[in-house]
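The chains carry the letters A, B, C and D, assigned in the order they are written, with residues numbered from 1 in each.
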Amino acid sequence: MKIGILTSGGDCPGLNAVIRGIVLKGTTTYDVEFVGIRDGWRGVVDADFFPLTRHEVKGLSKVGGTILGTSRTNPYDGSRGGAENIAKTLYGHRIDGIVAIGGEGTLAAADRLATDGINVLGVPKTIDNDLRGTDYSFGFDTAVNIATEAMDRLRTTGDSHQRCMVAEVMGRHVGWIALHAGIAAGAHAICIPEVPMSIDDICDLVSKAHDRGRAPLVVVSEGFTLTGMEEAYSDKGLDAFNRPRLGGISEVLAPEIERITGIETRSTVLGHIQRGGSPSAFDRVLATRLGLHTADAIIEGSWGQMVAMRGTDIVRVPFADALGELNTVPLYRYEEAAALFG
Amino acid sequence: MKIGILTSGGDCPGLNAVIRGIVLKGTTTYDVEFVGIRDGWRGVVDADFFPLTRHEVKGLSKVGGTILGTSRTNPYDGSRGGAENIAKTLYGHRIDGIVAIGGEGTLAAADRLATDGINVLGVPKTIDNDLRGTDYSFGFDTAVNIATEAMDRLRTTGDSHQRCMVAEVMGRHVGWIALHAGIAAGAHAICIPEVPMSIDDICDLVSKAHDRGRAPLVVVSEGFTLTGMEEAYSDKGLDAFNRPRLGGISEVLAPEIERITGIETRSTVLGHIQRGGSPSAFDRVLATRLGLHTADAIIEGSWGQMVAMRGTDIVRVPFADALGELNTVPLYRYEEAAALFG
Amino acid sequence: MKIGILTSGGDCPGLNAVIRGIVLKGTTTYDVEFVGIRDGWRGVVDADFFPLTRHEVKGLSKVGGTILGTSRTNPYDGSRGGAENIAKTLYGHRIDGIVAIGGEGTLAAADRLATDGINVLGVPKTIDNDLRGTDYSFGFDTAVNIATEAMDRLRTTGDSHQRCMVAEVMGRHVGWIALHAGIAAGAHAICIPEVPMSIDDICDLVSKAHDRGRAPLVVVSEGFTLTGMEEAYSDKGLDAFNRPRLGGISEVLAPEIERITGIETRSTVLGHIQRGGSPSAFDRVLATRLGLHTADAIIEGSWGQMVAMRGTDIVRVPFADALGELNTVPLYRYEEAAALFG
Amino acid sequence: MKIGILTSGGDCPGLNAVIRGIVLKGTTTYDVEFVGIRDGWRGVVDADFFPLTRHEVKGLSKVGGTILGTSRTNPYDGSRGGAENIAKTLYGHRIDGIVAIGGEGTLAAADRLATDGINVLGVPKTIDNDLRGTDYSFGFDTAVNIATEAMDRLRTTGDSHQRCMVAEVMGRHVGWIALHAGIAAGAHAICIPEVPMSIDDICDLVSKAHDRGRAPLVVVSEGFTLTGMEEAYSDKGLDAFNRPRLGGISEVLAPEIERITGIETRSTVLGHIQRGGSPSAFDRVLATRLGLHTADAIIEGSWGQMVAMRGTDIVRVPFADALGELNTVPLYRYEEAAALFG
């Protein structure tokens, strides 16, 4: 049997550990042959394959990024895309199936290809933890660790200068990184896409922390938007909130917090450092186990499914479990953390 | 209401985060009053209490160790111990209940005290992850991260000198730290108390890795013992295995591996560095959430229970769920990892 | 003898270690009494003092920030400022001298106060390493470590996506952090205030690295400006370079690099995380030694001087040695590093 | 011109960065050809060479260990050793000179070979910082960082249990790592080979720290020996100090400290983790600069010399400057630190 592996979408610590897990178990336990597919679905469409032996994956559990490269290509796009063309390409190269490691878009494409008769297995990948069907996905723990360590650093500056520090973390649609890093770092306010907050709500929390003698720390997801922003501030010139011209929401919040509370405020956008580098031990273990179980799923022909984490176990679930709705932060999880702001 | 909090047994990253979580939610949401109990059950027996307000717990989510101190005292020991004396002491100080954060011994004592009519709540604490009733306990993730990082370092020395490196990690009765750190660091053999291995089994794995051009990495739990050790080596002088006179099992294994395989071998006992220092983000979040839920449990009068992690949730379980048998590594988890040794 | 200690200007890892070093040696070896001065020169002007014993400084060698607080107040400003008022205030509180830990502005003020008859000792503080008279200053090594680790992370993202990554680090007037972190992280271009470069110079280096199959990494000091920027791009709309509206120079460079080279390019501004948190061992040792030698200098009455690092030694130099010109990166140091870009 | 590069002795963070620096500058600036010599002097004797291009050294600045392998072979040993044989071997492979990166033994051999007419350049390598002729050597800063971080962790355990913690660090003949890590971590006693101390001296410091409410931290170099050990304890059974049967000096000290002071005491031998893994930024910069300057020295034919660090500069010194006496900790540096023990 010959299987192709691809990684798709943004890079994420643990991708290489998944690849290593699949290849090590697949070759030594099951005698499967593997090819690497370059740059996600683009490599499928372009038949850009290369042999992937245990030699290529050695030492990879701790290496960030992906040795396969990645792209945001959709396999149904372009003249060479689509299930029929892909089936021909795979047949031509004697590839019996594909493991697609990616986020929502990738898994949706994988689901459609599976329906169209292609042998596809999925491994969920989301640094934001926005996929349903799995308790957590690899990369998330690493990102939370990096964000937490950065906020530990910001606090000493805040304390020394009696400043409010605003830290912007990843999370375009869901607030998991902000929630967990905020709890871990002892933030005084956590602003996430799921929970509407006005600038006054935030300033209340900031002022309360300041009144208790603390240097306020606000953590905000990149995807957070202020409620009442337009109405409340239209008379003051909407320009201040014209986000595309600024680096991020934290750069909107910081001057407003300073203006309203009178507390000197600085913002930092953590940016790409959250998604790079060596994975945490948790992510290495999770990613490796997902890879090992994917090798089993290949042998058992569980096409059309993806591997996932449930409690302490690795299970298989249909693609549909991860699709449709995002894994948003439930209100009770936000309220649980809000007890710390008091 | 007035509640005492104690920490008992070995220190563990996250203890302070639990204490902070309880006190912050207990005081701000519920208006509970707290006292710190010094040095575990000793402080209960000796009535060694001090006020614990939100001021005392500020900034503690990232601080290792325990501000309450700890000891291995059994509350039933000594002339001032026992449920009746403790009940009097608590009544005398108007303390309505105790939160005991500790491992198996502590929870067993807490269970007995609860049966004897004392209001006790438990928070499971085990850096080895040896308690049942909870998916994971705080401190474990930090220990695995530290052990993994140490092994990443050992590998470069092994590679440069073409040596076999043996790393001994914590785990007196269970092999979770060895298993997870071994997977994360890409170990070529993992030796845990749950799985019998002879020195020849280990040397086979070492030689196979060496033959593939790798510098073999062996990770071993402190509680691992070799099978057939006495029989096989009695003629060679059992002294070599006389463990109490040596630092640990790794110091038994290293010379034997070198002797049998002919590969230069060095051992390192990671020791106390695994349990100290700032907790990982995962452990800070878990410990804080356990603390927050303990505050809820106090208000709801859930005496005789402990808080625990199940999947992504915090739940309450009877003490009995954590007692009796240890949470050992199941064979399928070892075999899952063994596919990597190939 | 009673001595006041103040910290002034931006916070910097190692400030607390200096304070601890002064107080520990001053109290135990010499029986000097210390007071902390709150928020830099503001505390001198406002007579905002508090007792500083060995108890207050315990455990501080590893703690970032400053327990004294800091500000950017100039001691000669305001109605209560000036040497005469300060002399009265110090006399009134029986304070025999001041240790001022700060950067160029602070040391210039200290120099003037010393000339005006106040007993002042200086400790050079600059995270950017822009002060002359000392080989290095504490905080710089920590900042370089943080920036290097961040760039190690950025590289995996660059490699996975075949992108150019631009990292902006601290360095308003001098390029030391960019130079050292760039060497350490293996950057393909280093842009510093001291060395004029045009966008074409940078793009040449980026393209050369890309042609060798590398994901180009560009590190840029926040104070870097492009040569020929205005002339070359005025016809394309200067707006793209209208820096005040953007987060930093890296956000100017990234789109231009992408436009000219055709290589997808992302930027990250590391920002405040470079100056916070626990100091590196190097900075803890340097800061502690500077503190210990300051205690000696107090006893020896070396007023009007500052302590400094020369090779492996701590020496005393007149304030003037650190003032006047900044410690810029000499051209030969830039050219030395440029050999790596080839 | 064709030059061979070898690494010899124990591995050390920064070796790969030196190699990369030499090869990058040597090939791109000077058009020198390089061969890697496998496993130190053994590879010279056995003519075990391989081409070393810029491709082989890419990304190496952050990689621990050495891609060349290492051994402790002496080039004058064996039937194929000696200057004459080596000259023939080098001539046969058209190798014009050797860069030897190593410690005292390596540099002594290099010196002798140079005297015997072989073109040799040296790069000093000592993680213990025991070589004269250079302010610091790469690897030392990384080791101090690792030891400091480990001791930060040990302290939380010490504090929680009110224990004395003894940490044993590298330093066979000199105490630099213990001195710097001890200062950085705030140790209460530092025991180094250069300074005689009795068990009572140590216990005095431990008890004083304990009396001030601190959990005492003792850092000890592996090469430290107690004064008066034999005399004072011969009546109590010398066995307790029979070091070869124990893991290290810390395992001698801990039980004695506990016996004499009555304070519970634990020891940890940090061991090999101090020399492995990714170098600190300081070491990457130093190692890279040493490599770059070695390329210059090759071109300039500075055979018989080694590159070294002086203040902020890289210089060349004769081998003799590094040989003869070790770079021990001078007494004034120990006494400087002792002011912290108070």
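Heads up, the rule we're going with is that a residue touches a chain if its C-beta (ideal position, glycine included) is under 8 Å from a C-beta of that chain, and two chains touch if they have at least 3 such contacts.
In this text, all values refer to a predicted model and were calculated from it rather than measured experimentally.
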item	value
Chains in simultaneous contact with chain B and chain D	none
Chain A-chain B separation of Cα centroids, rounded to whole Å	30
Separation of mean Cα positions, chain C and chain B [Å, integer]	41
Computed distance of Cα centres, chain C from chain A, in Å	34
Residues of chain C touching at least two other chains	149, 152
Every chain pair in contact, whichever chains are involved	A-B, A-C, B-D, C-D
Residues of chain C that touch chain A when the two form their complex	7, 10-11, 13, 15, 63-66, 69-71, 146, 149-150, 152-157, 159-162, 165, 245-247, 251, 266, 268-273, 275-277
Chain B contact footprint on chain A (complex, rising order)	21, 24-25, 27-29, 54, 58-59, 61-62, 135-136, 141, 144-145, 147-149, 152, 180-181, 183-186, 214, 278, 280-282, 284-285, 288-289, 292, 295, 310-312, 336, 339-340, 342
